[in-house]
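After this come two complexes, each holding chain A, first together with chain B and then together with chain C.
Take a look at the complex of A and B:
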């Protein structure tokens, strides 16, 4: 049976992020969630599995708290969930994340399609899909706005800056989907209840024999304040106000 | 569970009542499903902020020791406000515990507490599903047989409505009508963050101690009152008002609340704090008088706020402990009935056994007392005026107290006859 893997990331819920007066970040009472864009990826994988008459599975790489995501992911139509449990996920760069996911995908056996979101809702680095392609030696289609599958051929429409591009690829392949590709439904009661009974597989770092030490290191994390000039052009006639605005904008180098 | 299998019990709502019920049933080996509308247990809840520990101990001995609680209440306070003035009565007892065991009550933040309690129920085998709204009950041949959520129907021997005040499920099942506005108050509350040491200093608290304060005279004469609870590093400050009176007065609740916060006797308590949460919720006001005529029908039990179990005595408000007791009673009623049709009457018996209904009945007089409109303006203002006169030294010959009181009664439009009547009413209520 065809296997379709949806990769997803467990991120901090942005509504729980607090900024302290000294601009340090307070994550004390923060909760995690599946990255919003990855819900689109999961839904796309479930849809692709229907087209391929295959099995959609989920894969995530995160610290031990990420385990809480498995049931949520499984309630969204995935049939199995795989979880690479490592505290090193907190410091992972794109290379580490892709290496960890690729190794786990190889462990699963044959895979027909890997679906990622274009980027995660916390970093939006857009690294995972292309790097996974390099690790697994598979073709990658990014910025996928919609796709169809016939036989083993996937036809994707890519949404680029100023045009739509139609691309065809023979599976197995990797696609990175845009948020507008679908509207993931809220899971129903039975789907949530059954999620806990589905297969969950956990990989420890040691199982995967992959170097999870990042080459990029995060040294500091700080909030920033947008400094606004708050200039109000209220003097004189309207035409004069506009003139002054244009002068000020030119002075700033904006226009 | 296969598609055709059914649960022993489905509980709607993962608040204290629902979880206490789930916990007790799961421990007795029942297959229980709890369905919660919020993404987390406690996510849709709002409470003043105090839990009496005896109820938790009844659920399981020792539970209150590990519970996610805030501060043990050692200061019981009543505050009477009028414009620019205030009187506070502070009863202090460092080891306030009238029974052997943990302190009598703790302040509590529901988001933390409910999630913790739900975790305990899961540990003993209850299934808890969050983020799902129950749309209806399944009724067959006059009996409640299960629930409907979205496209899914799930069957169970019994359904427990623990979905809070203005219970949608109890309405669907025909046990309560759409509630009249006069039977509920609207509660608004802010959680204000301050340093632990600042809170302890402002309220004269030792490590881990807390204060619970009821506030009168802060509602511009409207039926209602304020409350304040000290948590570990936050203060819960709120107002409860009768919606009809607020509407008639034409002042938005938010405005009344801002004025309350800015009262010179309240402001110094919260100054420098930052509001980290705010919310509003309905509060049952009628206590024993407001209970539905029937608390069950075949296949359905009402517990907690859904059943209207709240006691407001004016000097304290109880709800969470009654919710927990009713959850336990419902579970015991179900376990004691070999024939599930008898679970309803058995539930009532269990509530009698746990003193729940007698407690509510004993407190039933408070409503009459609290329905005296003068409690919310004339009397608090009178009290402050009287004390004001008492402490006034201005070099003039002070009028005899008798005379000064008489003048004040006149000023506040209170006749001796009224005072006598209200006093009698108060005496009867107690």
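Take a look at the complex of A and C:
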């Protein structure tokens, strides 16, 4: 049976992120969630599995708290969930993440399709799919807006800055999907209850025999705050107000 | 929170997704038109929200009461009226069929009700007597193997949209004031000749709840439509109505949280004299602290009571306390939220004053806090608590 792997990331819920007065980030009381974009990847994997009459499975790399994501992922239509449990995930760069995921995928056995989101909702680094392709020596199609599968041929439409590009690839392959590829359905409560009965596999760091030490290090993280000038152009007639607005924008170098 | 676990948290998150993606975009439209949120109600059924406590064999989740409370709280933060419709459907009507119904009745009504395929209404309150069944005049009389139902009910939720009405009616010679023996429950299908559904009443709050009167003129009901023992429905009615009172706790909590969150955000964003209201005015801070304290006090009462309900306690007194406290806290917090908004708080489109109106109706709809306080007083007097 074909195996389709959806890679997803457990990220901090953006609504829980607070900015301190010194612009440092306050993550106290923050909770995790599956990256919103990865819900699209999971749904795309479920759809692909229907086309391939295969089994959609999930794979994630995260710290021990990430274990809480497995039932959530399974309630969204995946049949099995695989979890690489390592505290090093917190500081992982693109290379480490891809290496960990690739090693786990190899451990799983044969895989027909790997689906990633174009980027995760925390960093949107867009590193995972291309690096995974390099690690597994598989073709990668990024920016996928839609796809079809016939036999072992996947045809994808890539949404680029100024055009739509149609490409095809023989499976196995990796695709990175854009958020507009689908609308992930909200799972029902019964799916949540059934999720606990599905297969969950945990890989310890030692199981994978891969170097999880990053070469890139994040030294500092500061919030970016847009300061508003709050200038109101209320004097004179409307045409004069517009004229003053244009002058001010030119002065700021905006136009 | 002490009452959360992994599964409940996931289910809460699903309710949140539903609210964010589907409920919130419709809130003000439903508020304005007063139309029953049929599409959202059906979606609630698809997602399993209508069958949380209904047994699995009848299409429900077979889940616990606390999970239901968590879901009601989440929905009430944005659209309290949807929880009102859910309560009338699942707790009052579904509860009675679940407790008293035959396997055939459960198959016919409970199974599709759990998924939202059909909608149920519970017709109990009457114009004379209100919730006092001793004074009820709606009566079913045996006619061969059938029953003939006559009478009318008022302020019934889900009228017009309901596929079947679960009707509390007098069947005995008279209703015993102590035991309420003499009351029975019948199911009246929406297409039963003689069933007349009144107009949807315009109300202070709960816009969209499809509330109004239903009357029965010589409605002929087959004996299969009798639910539970003849003359002996009140015990189950007492349990299902208590479950509905219980639900007013998380609903009141959700209403209060919805209003509080809006007021807090507004106080942090509204600039006066170069500073936001929260940092500038002590009175603003203290109001919000008091609102938050009331919310957390209610939360403690809600979830400790629901924990007892899950242990099998019927929570007869505490269920009524939840409705009283839920109404009190939601009304208070929403009133203070409007006050913090100032003039714009009274503008309908701001979306905060509706929480106060919904909290006010919570203090009356289903049973007034005064009637419930009397029930609780009787239980205290008889050392039942």
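A few remarks follow.
Keep this in mind: the second predicted complex is superposed on the first by the 255 of 255 C-alpha atoms of A that agree within 3 Å, B and C clash if a C-alpha of one lies under 4 Å from a C-alpha of the other, contacts with A are read in each partner's own complex, and residues count from 1 in each chain.
Everything that follows uses one rule, which is that a contact is a pair of C-beta atoms (placed from the backbone, for glycine too) under 8 Å apart; a residue touches a chain by one contact, two chains touch by 3 or more.
Model, not experiment: these values are computed from the prediction.
Once the complexes are laid over each other on chain A, chain B and chain C cannot both fit and instead clash.
Applying the stated contact rule after C-alpha superposition, one finds that A:56 touches neither chain B nor chain C.
Applying the stated contact rule after C-alpha superposition, one finds that A:192 touches each of chain B and chain C.
In the superposed model, A:68 makes contact with chain C only, not with chain B. Which of chain B and chain C touches more residues of chain A is settled by the count: it is C.
Contact with neither chain B nor chain C is seen for A:133 once the two complexes are overlaid on the shared chain.
When both structures are laid over each other on chain A, chain B collides with chain C only at 93-101; the other stretches in 21-29, 75-83, 93-101 or 129-137 stay clear.
Once the two complexes are overlaid on chain A, the chain A residues touched by chain B in the first and by chain C in the second are 186-190, 192-193, 196. Residues of chain C touching chain A in their complex: 6-7, 9-11, 13-14, 17-18, 21-22, 46-49, 52, 61, 63, 67. On chain A, the positions that touch chain C within their shared complex are 33, 68, 71-72, 75, 186-190, 192-193, 195-196. Chain B contributes residues 1, 33, 35, 40, 127, 129-132, 149-152, 154 to its touches with chain A in the complex.
Contact residues of chain A toward chain B in the complex are 31, 186-190, 192-193, 196.
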